[in-house]
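What follows are several structures.
There are two complexes below, and they share subunit A, which is joined by subunit B in the first and by subunit C in the second.
Right after this comes the complex of A and B.
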């Protein structure tokens, strides 16, 4: 008689199971239709930056508020990550705008598609400038970042740029490039010693502003290279037709001669994690790359092949060095392992590949390559050997250099006629002129990440 | 004797009477009965109030996404921006606003075009639109509003008026009536924004070759419309996201008959919070969607956002 309850027991279980199955499948969304969205329409984040609010009375405040809002727009747009929403599209009048979380009507910002909103307030009293900025996500209706800066009125730009750096850090986790600078060779405007037009090394801010001349005008000066926490610039200058390496201290303005060995002394490059430099010297009869100490003494000869080895560039950890060599017949890129000394060839395409620079954040090298007589900028992946071409059909594009965060590249281009400096994102988009001066601008070098 | 151990259950005596004095199984039987009744009640509640189980959703489960989304939403090979065409990217790109030339001081001279995705206003203004509207050919983005910017004078009335006009235009455009009109509208929208020549010709070919709009079920067309609306609103910076190869964020949306999105939730997060947020914002920006086809009290749709890897 025990079997009957057991049997009933089983019936109960089956009935329950029957009811459970439709319950679970009904809620499960695998039954729903699926569509795939694979390509974003825009690769830039729409950002709204209304004119900042003057928090105290005075026309100076209004001017500062307007100017700094424009400055912030330009700086953020420069990175290529953002698309600034035109202020004409805003639904809020500037006079009535709110700048703090509790009071902002986020709906009027989401309506115009702003995925980020930056508000600012400016207060100037007794010669002290105070600016406060806030970054919001209007869709989540929350503040992501808020900062207040106090200082002299002339610090306006650095306050704005500092906040921009915070914004980038908040969004990408990495420091931005707003503190970086670019060195380049430009025409000095005078006729130089030989009457051909003097050249000099110049330095400007990341966005091409605040250009300063760093060296004296001279006949030939080439390949500036930032070093030692961006306090020094090394470069090659010719005196009596003899190329020597000089180093200028940007803080003190002093220049010293670093390497003047017999033959040529060219393409200096600072070595990560050490105080020395690598350069190409030919005093032993052949153009090879040497390591030099911080006082310019020979430390070690790195390459020994017949043929010309120039343009050293180091991986961020200093363990590998890429350089240009014509040992196979034409100038190509090679990579050397610093510990073992073993060398392997990196590029096999193109007639003439030079001016390499290793990315500060990954194992990719940007360089200029010539194909069919035209020079363009390429990036090669050191591990896979995969090559991307970043410029095409626009004059000669040369001397590329990475920004310290690896997100942008500066280079020179003759696409508009005279050689000018251009910048673009690391994927080759948003190519635009950086600055314009009389004469030609060439051979840019973007400063290193802080601490190198 | 065992009866005495179990107290407080009046049913026990009944059950005890039906079965053998061995009370253990009967106790369980009673528990099961009680449990079964509770489940029945729960199921009943769910059946009658949960929309998730209603028939409309089950209408077509044959993943009919063979909807040639390809023709409405073509694989876009490297856009004109990537791979840097040196000559054309400079004047057209929005970052012309940066105007890095020394002489100019940050005038946004080139930034006049009101891109639709930046300007579109998305609150539900649909209620007042008459249904007898005829479809207009959509205009290319026009810069008429921007003349006022040259002087940087802010005329609030004009802005409001222009905003209202833009809303009116947009809602006008959003109410096509027939399937042909809807397909034509989608084609022209996508064609305006991406490859005018390419898409235009392939769409024409398709229609000419006899792929009639009537071949598509209304819900398939609707899915294509949703895909277009999502894509149009998706702003995503691969540089900010970092490595996104192989990642997918899946959102489920519940759409009401008038096109409003009543609910959004993550079916699957990608692990990249920027991608997840970007997908979520896209859905919020795309709200409200076009109205559902007839016969759907609501509709659930899974959206899979796959940005792919970083192309260099």
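Right after this comes the complex of A and C.
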């Protein structure tokens, strides 16, 4: 019903088109002792990634080799697990470097403290790009991982990111975040008085690259949420002068109106293991959370308390729902057991706790908490109630969202003035701006592990 | 308008008076010395008729004058009523209801404003009104959308309890998306935490 700028996510298809061949079969895959799971970001693993080797003649190969090595450095450094050793410190000359186990002088890498070494070779023949990457432990003089990728030259980034994903899987046992994407609301101008229009939902890669506008620009757009194979985005917009929930199919670019009940239709969230969504509606005169079918029909009213109940978020198994309620007088987080319907209050600290998101990997909830008029990001352990504060002393920090592997958090911050998107590790380290674009960006949502 | 009517009236009076003057002059024309009784009777009748005509004209003039005045008064009253209605409508639209931070309950001041609004709505049962709930920029977007809705709903509840027909009222929330004034201080925030009224369509 609404025309949207059409675009296709060729990357996903391309990734499928790229095939890989394992270079070694004797890898013991159960050793994850490189990354300390408890404190993964305090001791960063020093990694050496020399410029990849051109395996065939031609200047194109050399350019691709250089660019791929930089890309891999950037992508792996982004995770917060690693410290990239400056190439100027390398003892091996680029021209003399070897990329296979029996030829590598591991001593020259251990001497500079490289705990991990990644080598790569690039071959370009008849318009086909072939890249091979190897991950070594120089101290053990052992190859941990080897992959060869073949595909079109434009698939260079997806090949590099795919190997990065393998590296993370090899080191942590979990799939990385390199295939994930982030949706957010971008606005053209400064948020002033009415008529600050030009807001739209945008989508970018995990690292802020490949920014695309996926909905029409309009006056008000809020809370985009990923769902169903990370192909659909649900959000609230005032396209029909009313806060209704719309769903945009990112593959086809089509948008349909999902829920348009009297009053507000806000904070949609897909329920794990179900095709339905939970959302806050007010058609009965009170803002409550309802379960909706995949066609937007009312399935069940979940909360019945008078006052605001908003922002549902689910545990990965779908058995528990956290949400915001002001039933106690101020907005606080509550947890509902979906089977029994029993509700308990989770947060007691602070007078204004909102925007919860349940970790995709553990029983922790990240949320925005306001203290003395300043909003910051906190994480609460659902079991113990233990709280850790992740941001401080820098504007308002809001709308946190976990990466699908639970290792990072994206959020919005006004620390530099206008609202911008930032990322940090799950422990709050390595805070940096995700992307630069004009206007303001807010309400980011990181895509789900396998699509809820 | 009034001036035009006065000029017309004066012109009409002058016309009538000059006519009367001509008539009275005619009356004074020297009579023939010897007049028959018949002639005298005829003269008397003519005079009578002229007199009657004059009286009739004067009467008509007077009647006209009275109706003009009535029209004036009626028009003035109508204009006044219209102006008052427009003022009441303007006041109804422009007067906002303000809230405390993170609060949807109605202050004493808000109740006073709403009592006036309820009266207007009861007097204008055909009016269809949208109650907009707004928040200040503090706090988070989603919660503020719900809070704006809560504010609009508490206004609606108050008006319905005050005798307004619920079918006249709809609510909408804009959260913190449409601030009334710019600024990042308590003065601006206080003006932005509000419920506003507008007519349907």
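By our rule, the second predicted complex is superposed on the first by the 397 of 452 C-alpha atoms of A that agree within 3 Å, B and C clash if a C-alpha of one lies under 4 Å from a C-alpha of the other, contacts with A are read in each partner's own complex, and residues count from 1 in each chain.
Rule of thumb we're sticking to: contacts are C-beta pairs under 8 Å (C-beta built on N, C-alpha and C of every residue); 3 or more make two chains touch, one makes a residue touch a chain.
Not measured: the values here are computed from a predicted model.
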{"item": "First (subunit B), second (subunit C), both or neither touched by A:308", "value": "second"}
{"item": "Which of subunit B and subunit C A:287 touches, first, second, both or neither", "value": "second"}
{"item": "Which superposed partner A:354 touches (first subunit B, second subunit C, both, neither)", "value": "second"}
{"item": "Broader residue contact with subunit A after superposition on the shared chain, subunit B or subunit C", "value": "B"}
{"item": "First (subunit B), second (subunit C), both or neither touched by A:415", "value": "first"}
{"item": "Common ground on subunit A, meaning residues reached by subunit C in one complex and by subunit B in the other", "value": "none"}
{"item": "Sites on subunit B touched by subunit A in the complex", "value": "19-20, 22, 25-26, 28-29, 32-33, 35-36, 39-40, 42-43, 46, 50, 52-53, 57-58, 60-61, 63-65, 69, 73, 75-76, 79, 81-87, 89-90, 93-103, 106, 108, 111-112, 114-115, 117-123, 145-146, 148-149, 154, 156, 159, 163, 193, 219, 223, 226-227, 230-240, 242, 252, 267, 274, 277-278, 280-282, 284-285, 300-308, 310-312"}
{"item": "Residues on subunit A engaged by subunit C in the complex (per definition of touch)", "value": "191-194, 219-220, 222-223, 236, 242-243, 262-264, 266-267, 280, 282, 285-287, 307-311, 324, 326, 330-331, 352, 354-355, 368, 370, 373, 375, 398-399, 442-443"}
{"item": "Residues of subunit A defined as touching subunit B within the complex", "value": "1-2, 4-6, 8-9, 12-13, 15-16, 19-20, 22-23, 26-27, 29, 31-46, 70-71, 73-74, 77-78, 80-91, 93-94, 107, 110-113, 115, 137, 139-140, 171-172, 207-209, 211, 364, 379, 381, 388-395, 397, 407, 413, 415, 423-437"}
{"item": "Sites on subunit C touched by subunit A in the complex", "value": "102, 137-143, 145-147, 149-150, 153, 157, 170-175, 177-182"}
